[in-house]
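Take a look at the structures below.
Below, chain A partners chain B and then partners chain C, in two separate complexes.
Moving on to the complex of A and B:
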């Protein structure tokens, strides 16, 4: 599979997934005009990747804001990886959030509660 | 409109401590632009990051709701009847407020109004539970996630308020207010 790269905009995050190092990076703000239309291609790409490749995957996520439509889409994406994790695959989520933003930390914790795969909440200073 | 009326309009906005107000057709780029303005303003005011995120997220949810509703009505061929809306960000004492209003069909708004009423009864833990339950609901294609109102209620420091004003031409004007 080819590298997946989607440039970020003011309302959509940058997405980068290299099938060789198997790190999925999603960073920025997420309130697309149509969340489902924006995330559907990524979901399809992930589903295909997981069916073709069996290596460990790291999800490196740094979303400073998600609207509710994006939250639902992100949950669907985490579910795809969770499904792979429960069948024995090595998957880790590194979720970066602003340590000074209680709501962002809380949102991260709520995502973590939805899955059983390793989910590291990494509070950072000066979120970009 | 007389030019002197703009003074009255500005005077009203100042008196009511309105910081940002937009009325007209909502496009995605206008929502992005206003969102950036909201953020810059609040950063200059040195509000906490979580308050800033609450105001911003309520603004985004309200604006996107209006935009989506207008698009739905346009698809039904009722665009001119329901196009446009208004969103206001202001202060009320120690609090920031985000309000929005748009014309709706009465039948479309009953469920939303009932939802807001039911959310009023919930404490933060119950709101979180309601949010998680809704997050896990299967959606039909094109259906909205239905999380917006619960998310707004969670971001707000008081229950969401709304009013419905019936107009003579069988429309309703729906106003929603969130206090942060």
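Moving on to the complex of A and C:
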């Protein structure tokens, strides 16, 4: 598979997934007018990647703002990885957020509660 | 199996039963196991929906707070914390329409530092800034709640006094002038004093706001010409 790269814009995050080092990076803000259309190719790419490949995956996520549609899409993406995780695959989520912002931390915890795979909440200043 | 053990289950169930429903309609009976399965998928979706709503609410609150902060910043002079031009202009328009409605006049005071450049030249710009902040605080502390004091220019302040006749506006200007004239700012071991000149005008019905500001400016100009550190009411010759 080829590297997936979607350049970030004002309303959409940068997405980078290298199938060799198997790190999925989603960074920026996410409020596209049509979240489902925006995330559909990524979801398809992930589904294909997970069916073809068996190595460990790290999700490197740093989203400072998500609209409702993006929140739904991101939960669906986490579902895809969670499915792979429960069948024995090594998957880790590194969720980067502003630790001083209670709301951002609470939102991160909401995402964390939805999965059983390792989910680390990491202060934003350590985001690579 | 819970939804956590099989996150894809809810979705595949929906697909399965949707197809069945669309093919044969709702009369098709479901077994007890299937009903349990559907119910568990339903619970998962309900939980998920509530979670999405909570996450969105958090982001929404965050946005609203930021919006409030920006709104405040867009109306405030960053150095002194006073209203900026935009803010006082909106208040002036509101006051103008109030005046048209109930016939009560408002007054304006334009105040300007005397020899501000000397403070900057002698003690540096930071000292000048400190003085501006001190004057801003003194003005605000000595005005009524309904009055509005704005930083109009570099060392110039515009004060709006709603429902105020010229006599009382002059009294207010004189009060502020005397407080500042008696004030000394402690700086680098020196006590620095400064004075301001004040021009006062009163709004007349159907007058343009800019015309009323220009009258206060004109009165201020006269106060400067007459030797500074004094208040002049527009249209009154000494």
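In this section, the second predicted complex is superposed on the first by the 124 of 128 C-alpha atoms of A that agree within 3 Å, B and C clash if a C-alpha of one lies under 4 Å from a C-alpha of the other, contacts with A are read in each partner's own complex, and residues count from 1 in each chain.
In this text, contacts are C-beta pairs under 8 Å (C-beta built on N, C-alpha and C of every residue); 3 or more make two chains touch, one makes a residue touch a chain.
These figures come from a predicted structure and were not determined experimentally.
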| item | value |
| --- | --- |
| Touching partner for A:71 - first (chain B), second (chain C), both, neither | both |
| First (chain B), second (chain C), both or neither touched by A:103 | both |
| Touched partner set for A:83, first chain B, second chain C, both or neither | second |
| Touching partner for A:116 - first (chain B), second (chain C), both, neither | second |
| Partner chain in contact with A:10 - chain B first, chain C second, else both or neither | first |
| Footprint overlap on chain A, where chain B in one structure and chain C in the other make contact | 65, 67-68, 71-72, 75, 101, 103-104, 110, 113-114 |
| Complex contacts: residues of chain A adjacent to chain B | 10-11, 31, 33, 35-36, 65, 67-69, 71-72, 75, 98, 100-104, 110, 113-114 |
| Touching residues on chain B, where the partner in the complex is chain A | 28, 31-32, 35-36, 48-50, 53-54, 56-57, 60-61, 64, 128, 131-132, 135, 139, 141, 144-145, 147-148, 151, 155 |
| Partner chain A, residues of chain C touching it in the complex | 4-8, 11, 48, 51-52, 54-56, 58-59, 61-63 |
| Of chain A, residues touching chain C in the complex | 65-68, 71-72, 75, 78-80, 82-83, 86, 101, 103-104, 106-107, 110-111, 113-116 |
